[in-house]
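Comments concern the structure below.
Going by the order they are written in, the chains are A, B, C and D; count residues from 1 in each one.
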């Protein structure tokens, strides 16, 4: 069987090389050091820049999903096509715990994250046994199974109608009484969670484990020869990535007060991949830029014409062809080359 | 559950299997020979159906549509390979997959712009209308015709790849393109033709399926899922695998429909996940496939 | 081969293809959606699946809704205030629909929302509007919107619901002792239609010989058909929506089922009949909320058809298109009766509203806000019987508007 | 009986029907340089892969300091002190030379810690620099590995293997694709390393092997046909017929 045409030796692989390396010198080290505060600052401005608060919250949520997904795709080099399963499961567990068990919102969020993470552990353990295209296909197949289970278990998940009936209107954290229906207050509460996720990912990337997954992306054979248990590291990366996507799922459930069945479908997985690549796989803030660009394009173009998908598709093709590093990745590379 | 019902169910499972094979063939060839996963496969299937429809409405005959559309779309496939896929060779294995994912979006929306987003009728050709009594039940003549065409296509492909010089070059190129270049074979041209052949076959599948299903812009997305299931179970890159897997899935879906019809689609994905976990390279794929 | 030529084998001639191009171009040129600025204008949010498989139905609904707004504005608007329709694209995705609803409420500060074309989408929109006390009129088939779990004081259901539709259709197709088999899509819509038909069937004394639930969106039905023919029913009820309806009926006909049994559908869809042509649908019976052929018997239908033909170049309104008109018009009439846009006042006037705008007398039942309206029972005509391309249904019967076909308030568990 | 550093007993490995290795029994002693030679396709690389844990043997046993390792995954081998370099350069192309060595050093230290900042593991830098010094690559410490010359990349490959401070270092054709000048440097390096480690290498350059190794194993069609000192191997008729005989006029 061909090892792809022509010889794609390790040297030529990883076209989407990481733009920021922890140990790179100069301004880039500064950027890495201050990336979390800078990102959070950028997120604070988002609701004032974008046309609508609801769009801002969506960018926030899909940004967190893509940052979680990027941990696996951009930093470990594994193209999974099933991450909608963790996003959707996080949302469903949050909704189900409130609707059927009447738990407070923070318990629901915690359970959603843990449930999604657990599912990621299971699907990860099964799919890590395969490699390359088969890995993408296994994750797609297993995620579709989760979709059909949710479709069939309609008394729990509301089936094709989606899950309803758990609107969170008031939140009390540390003595603060927040009206969750007010778009701005809701945005900043969800942004706090997003900031937490960004900080968690940044810690992982700066940690020794961060170096391990980047080594695996660079050259899996050599990583194993260095003494790393590659399978275990991949599984950890897969599970951590699933946890963060599940967190985004819980935020989405709280934001929309419904859990649509489509959140588990592979179209959502495909969208997550597109956003991450558009923004810049392998870079820290790239996924957020990708989510912003994708949703903004979708929102703006759908005003001009109902055929907005042809524009989004074409832009994506151009990026794969000419800007594999994505918007943010290309920006960093350009900044570095100056 | 009398015998004739089970026999009829088995037969319709085989016929459905033939349709699944036709839908998966193009995907398996393109992946097997080029290592490219074509996520726009479903969209190409749909574009083939529309092309068949357009040619048939101009010439007023289904047969012209069946003949001309696959060739035209095959050439379109070659243009796609030349302009969009070729720059990606040598880059990471995910890039063609991601590019064709975007291409799928573009093709679906383009058809919506040109032909509108509601379904367009594609009546069964008059000679092939009606049913035939097989003793165990009634079966549409058109579907028997489709099973026949699929059989003929498989035979032709087997001869082309197995017995002709071009076939030898294609299979060798799949094994080791570097050596082929050393032997002076313009492997680029071979890939162009193979991609065109794959897309052409997919378009032919579209034209054949059009009379059975309504022709609409979204008909491709389900075909993509079915084709992946069949190709992966059969073993990426193995044509024999696709044929056997297609029939296997067709019969599995058909038998499930007897007991628990709503589980039909779940069975497909469950079968795919099962095969991937036990034998990642699929039933007939070669192990150690790094793609 | 000769018969091919002169029977215009395929309806899609070059002219049609070019028209498609033209339509696409006009869509690109005319921005559908206008961002509202001024405050005294009454704003009605209108989220529709402009992209996706139901784009055609969505565009029909937008045309009819705009017609209703235009008619009211020509008569000086509501209480002197101009009315504006804010059309948004919910992409037939429940998540997008909730986001559009949030934007319409938070950004555009709309006074009411009308819309949504599938049960999942209307329930998602309903969830957002009921939490924020926003008036919402949903215009597509669903039983769950009337039930306690999803009920909202501010939500009104202008469309038919499965119970009344199946009751009307069964009344004119089932007979005592008729053997009925069901092929239904395995999701809420399919289950609700199945429950409705069996409920009506038991009342009439029909015998259910078998039920087959097929996966939603299944492209191939050949594996279900042997079981159906083994049941040898007199009537085959196919309960699914959109492309599933077109595919399942086409394949049932291919397998020759129609020669051996009557095919009945809960709702016979205008656009799906267009998608498969006359021969396939010939003889199929189904219910509908509206058919332009009503104009011979219902005066308001004639008025509506003529107004629609005038503004849209001779085209006639479709079944789902009419929902757009009746939904928006009933809201506007209620606003006029309430003398403004105060939500509670509008709710009260809607609950008391008697209106006949396009299909005969209608009113909203107080306990579940379901629009009690007539149900048409249509049969698809043979190609030879059709006087023109649009004359494809025959009205077998009109079930007058009555609460008898609905589940009682007590049965729904709602206070009367 | 003194425990050998590494001993393999009746090792076999088949791929489908093909027997790549058959019934090989060898014991490796401490601080010796052992070379493995044989015509192409003799099973040298397969033998190396089995010794380094990349492949599990189809039959037979492998023991390291008396402890049975059969079937253990490769990363356990590395931690026990068996490291290797590859025939085709296998390094982290987009990391710098220092980072290549540092990542390898970290494998011995902490692999799954997702919390503390890896910059604080200062000792890794020292270990990495020490390995780079050993192979003389300290000069291009911050160059990206991808842009190094071929010889430098081969040296980096050995440095990365060295970082694990292995007791047994397997070198798969270290001088492949090198000119005479670079080969001389590599031989000098191997001699330096042999002072404190056991070296096992696969090579084709006979002059280099005869000069460098204390012991030579000759493989042919997956079987061990000779095992002895360079002098014994040169005079062994079987080896001459199978291997040396093919390259005429070789001393």
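A few notes on this one:
By our rule, contacts are C-beta pairs under 8 Å (C-beta built on N, C-alpha and C of every residue); 3 or more make two chains touch, one makes a residue touch a chain.
What you see is a predicted model, and the numbers here were worked out from it, not measured in a lab.
Comparing each chain's Cα centroid with the centroid of every protein Cα atom identifies chain A as the most central. Across the assembly, the mean Cα position most removed from that of subunit D is the one of C.
The distance from the centre of subunit B to the centre of subunit C, each centre being the mean of the chain's C-alpha atoms, comes to 36 Å. Centre-to-centre, using mean CA coordinates, subunit A is 32 Å away from subunit B. Averaged Cα coordinates give subunit A a centre that lies 41 Å from the centre of subunit D. Averaged Cα coordinates give subunit B a centre that lies 48 Å from the centre of subunit D. Within subunit B, contacts with two or more other chains are made by residues 112-113, 262, 265-266. Touching two or more other chains at once are residues 14, 307, 309 of subunit A. Looking at which chains touch one another, you get A-B, A-C, A-D, B-C.
Listing the residues of subunit B that touch subunit C in their complex gives 2, 5, 8-9, 12-13, 15-16, 19, 53-54, 56-58, 60-62, 112-124, 126, 130-131, 137-140, 142-143, 212-214, 216-219, 222-223, 253-254, 257-258, 261-266.
Considering their complex, residues 9-11, 14, 17-18, 21-23, 203-204, 206-212, 214-215, 218-219, 221-230, 232-233, 236, 240 of subunit A touch subunit D.
On the subunit C side of its complex with subunit B, the touching residues are 1, 3-5, 8-14, 17, 20-21, 23-24, 51-53, 55-56, 186, 212-215, 217-220, 222-227, 229-230, 243, 246-247, 250-251, 254-256, 271-272, 274-277, 279-280.
Interface of subunit D with subunit A (complex): residues 52, 73-75, 78-79, 83-84, 86, 88, 90-96, 98-99, 102-104, 106-119, 121, 146, 160-161, 163-164. Interface residues of subunit C facing subunit A in the complex, by the touch rule stated above, are 24, 27-28, 31-33, 50-51, 55, 89, 91, 93-95, 98-99, 102-103, 106-107, 119-120, 123-124, 126-128, 131-132, 144, 149-150, 186-189, 216.
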